[in-house]
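We call the chains A, B and C, going by the order they appear; numbering starts again at 1 in every chain.
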Amino acid sequence: MTTTISAQSLLTRELLARRRPGYSLEAPFYLSDTILQADLEHIFGKHWIFVAVEPQVPEAGDYITVDFGKHSILIVRDDDMQVKAFHNVCRHRGSRLCASQKGSVGNIVCPYHQWTYDLTGKLIHAKHMGDDFDPTGLGLKPVHIRSLAGLLFICLADNPPEDFEQMAAEMTPYLMPHRLMDCKVATQVDIVEDCNWKLTMENNRECYHCVGNHPELTVSLYEYGFGYQPDAQNAAGLKRFEDILASNHARWESMGLPSAEIDTLDDRVTGFRTQRLPLDRAGQSQTLNAEVASKKLLANFVDPALGGLSFWTQPNSWHHFMSDHIVSFTVLPISATKTLVRTTWCVHKDAVEGVDYTLDNLTAVWNATNAQDRRLVEESQIGIATGAYEPGPYSPFTEGLVEKFCNWYVNRLSALTKTA
Amino acid sequence: MTTTISAQSLLTRELLARRRPGYSLEAPFYLSDTILQADLEHIFGKHWIFVAVEPQVPEAGDYITVDFGKHSILIVRDDDMQVKAFHNVCRHRGSRLCASQKGSVGNIVCPYHQWTYDLTGKLIHAKHMGDDFDPTGLGLKPVHIRSLAGLLFICLADNPPEDFEQMAAEMTPYLMPHRLMDCKVATQVDIVEDCNWKLTMENNRECYHCVGNHPELTVSLYEYGFGYQPDAQNAAGLKRFEDILASNHARWESMGLPSAEIDTLDDRVTGFRTQRLPLDRAGQSQTLNAEVASKKLLANFVDPALGGLSFWTQPNSWHHFMSDHIVSFTVLPISATKTLVRTTWCVHKDAVEGVDYTLDNLTAVWNATNAQDRRLVEESQIGIATGAYEPGPYSPFTEGLVEKFCNWYVNRLSALTKTA
Amino acid sequence: MTTTISAQSLLTRELLARRRPGYSLEAPFYLSDTILQADLEHIFGKHWIFVAVEPQVPEAGDYITVDFGKHSILIVRDDDMQVKAFHNVCRHRGSRLCASQKGSVGNIVCPYHQWTYDLTGKLIHAKHMGDDFDPTGLGLKPVHIRSLAGLLFICLADNPPEDFEQMAAEMTPYLMPHRLMDCKVATQVDIVEDCNWKLTMENNRECYHCVGNHPELTVSLYEYGFGYQPDAQNAAGLKRFEDILASNHARWESMGLPSAEIDTLDDRVTGFRTQRLPLDRAGQSQTLNAEVASKKLLANFVDPALGGLSFWTQPNSWHHFMSDHIVSFTVLPISATKTLVRTTWCVHKDAVEGVDYTLDNLTAVWNATNAQDRRLVEESQIGIATGAYEPGPYSPFTEGLVEKFCNWYVNRLSALTKTA
């Protein structure tokens, strides 16, 4: 066992060390169970992972469960309205506590022998254990959880990365005006992609593939906003986009909506990027006609044309905050070749379905785009799994953020496996 | 290969050595393929395994096949009415001989090239093999099989544990009065549980979970018969149960029905436990009203209120012998995380379906209970598979037999892997 | 990793070295992932593999994809009407290029970012890659491909076995008269067998199992043509078959149709065997009445009674060329225990379905036979996977070609793993 494990670590370290900048990663990063285990242990086990939004647990006793890798995490709002996270496992004989993806409880009762925990995780009842039984030390195992303006991040490590605070300080002014905590979940859709989670993330970090694959998304999206090789034919278009960007940023900043780009994708432990980008046509929202999907705007917004505030985090999420709705994506590995993509659409809590919005219209763009991306990343997985794949060159104009994702990943995994 | 295998043995032995008494087993015992292979080799490969009842092969030529781990075993009644067991594999090019779970044959003919064996396993015909072909040594490979009052146990080892005789001597007086050999199989139901076989067994060895999960079973079952923490409130109830037990035991013993507990669960190689327990309400049978399910009583019984004679064996079975029917359970590993539970209901061979009994009524309690248990053990498997599980404490009052199952398992596996 | 891999090679070499001639192979050859990897690397990776027929890509731009092991191979007819083969993987980020099993294209365009290759594999377009981007060295990776009278063989090795030329020289006179290149594909059927690919091949190399399993095939097939133990009762029948064979061979040779057996199955790298065999009853074709399935005969044939020219190749194909149609079989490993069998029926390109032939009649014999063989090889796989299997003796009369398959396999794998 010892021999095998250290040989595997050796393989991982060799692959990390010989990574060629500017090129896609070698095949084992997308195929190997060993590397998936390293990803789960070091990337998903020691960083802040976006898993949910506060509107998923609006009331005391509301809970959700989030599963990834071998973990099942229970997130619950306690009686003091604090959001807590625990490992979803009974301390008696290990049964999963909550099998449902969401629900509402008074206490947390194990279905097997009815061991009972309160919403702070304390074991408050266990029958037949004898008069000397000491429940101390048998409470639910806690998991670190933080809310960033309503976005819930967890960290499984004992000592989470401290620069979450820095991200929170920088991002709160961008996110808070949209008042996610005053939203409700309109709907949530899970899809399972037959690919490694990193292919899902890399696909998210470029729009090189958008023009050929995403007719619905590109209704409202300015392709120029995601990188373009300049040439004589597109010089006027690029210039026009820069002008639109500058004038909108000035307008939004004057409204108290920070809009300028922040990019720490590959130079911090808790890497992220944000930018408020104008939308094309009606300019209001990521819908099939670029108009708002919900007539009840978020917060106290009056102007629907606020563009899309995008927020991308390493290693596993992206979000688009618009005037009328917020769409959040979390990417969770199931195995080396299976990945959950969970998409959550939030609208104002007072918006009425059928009156202010319809689910079909609200979800049309991203349900279509997700289905298209799914096919792309699955075809990538299939091709990479063949013996013939070798890393190819990234476009210097359109794949810079893919490169930054790989930089962050390789750097973090290298740092954390160095002493393993 | 050598390195890997001995490293794996080392892991198994380390885990066995550091087992903490009074606590559930560590996670690898329920998850690891290495340990499942050790279980198959040492536990299921070197002990007496309950697999079937004689009424499954009533006539000469009747056969059944029993599959577990990588084995397929053919059990057949030969022309001298002896029950024989063989590996279900042709000696020519290895085809499985009998693909069906049961049937009736004159000889055993391989479907591939028609090599033909008689019911004692002798190769009696093989075409095209030449005049010098010697069929000696090419008979079917035999497997040890014994009938204990109609319960069929096999052992794959060359030298089976000798204390089967001791169990047979002690148990025959308990079981024989119910005349299983004069029964027929009313029905048999297989379910596949997504859990390790040991979780299925541990679940069987306690009724701590019954009150919260088994409304049908607890109609006829006295919860006090399976362990209880005494306190002021239940003192009267416990006392009443002890009185019922004593008076019934006296009555049954006077009828020639041994009833006292024998418990060798963790101090013999062929460990078992038995006890005749009173049933609640009508007191006759494990049904939804505690009355007999079959009007045609077993053997020459006249009194239907014989309680339930339970017989639990290590590593893989339990049985309830009542006045009107017998229900037998065999647990067979499919993989580290998949387990077959086969339940067989027997009634008197002269009982007529629709007249003396209905299948719905006969099977209602255990089909419901099996479905409930399945959910419980699958939730345990899921919880234990998370990284957060750690062994928890057993109840000293209600989980003593679970502890004995673990004792037996750990002791036997330790003894058999010591020299491996 | 190093330790593990060389231990595995060691196991493979030990198993190869201790193979007992005249007996079936040991179980790991049919079960082990390590050996399947060796089979893919050395047997399927370094020999000429039959994968398709030219009529599958009749026009310029027509393509098919062929997947086996971890490979996906793209076979395309280019604008000069040459058949080319490439790895079906984009040189940018590794997406599979063509997801369909067949189609027609002008250029080969990657669905992800529209990198575009011409039909010779050259990269001719890649957007956003910058002015200095050099597409040299980023063409599709080529695979060796050869047509033998319309049968397409590929080789993944850099230096394919040179004795393909010898096979081509010897076989072209046998095959060319049937003019496969002037045929069309009437239909193609894939089945996936739950067994190792070698069981599929071994089953193909004997007809010992035919009489007991293939009622449709044995309508037209003379059992004596596939080996028989001579005895007093069948002496007259064997003599009669030899006479029919001799007189038909003389007749066919006089028509310019080579018919004599060539057998190099186990003494060449590119092993094969051929023989033109008479058919029983109407003597024309492998159909349910032994008459032609297609009224439009192949090439310029006038006489429908040309028997069946069979062509068997190591490691993975067999073919029957008759006067009216050609049926080809390719066997491709999917995993250690899953194998694709692809059967292709070709008729004259001018034959009209519903007029000259019906698909039901054309495919009846081999669809039935394939289904029967599938059951046989799957039962073999199940039996061999049990712990009780051990190699059994081959019939010296009917299993000689199975033995030659094993000889070839063991010799080739031994030679290629010696220095590994």
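The definition used in the following text is that contacts are C-beta pairs under 8 Å (C-beta built on N, C-alpha and C of every residue); 3 or more make two chains touch, one makes a residue touch a chain.
The model shown is predicted, which means the values in this text are computed figures rather than measured ones.
Q: What topology does the chain touch graph have (line, ring, star, complete, other)?
A: If you draw each chain as a dot and join those that touch, every dot ends up joined to every other.
Q: Same or different for chain A and chain B, where same means more than half of the interface numbers show up on both copies?
A: Result for this pair: different.
Q: Taking the mean of the CA coordinates per chain, how far is chain A from chain B in Å?
A: Chain A and chain B have C-alpha centres separated by 48 Å.
Q: Give the residues of chain A touching no fewer than two other chains, as numbers and ranges.
A: Where chain A meets two or more other chains at a single residue, that happens at 3-4.
Q: Give the list of chain C residues in touch with chain A in this complex.
A: That would be residues 1-4, 69-72, 87-97, 99, 111-114, 127-130, 133, 138, 141 of chain C.
Q: Would you pull the chain C residues touching chain B in the complex into a rising list?
A: Going by the criterion above, the answer is residues 3-4, 7-8, 10-11, 24, 27, 202, 208-209, 212-213, 227-229, 375-376, 379-380, 382-393, 395-398.
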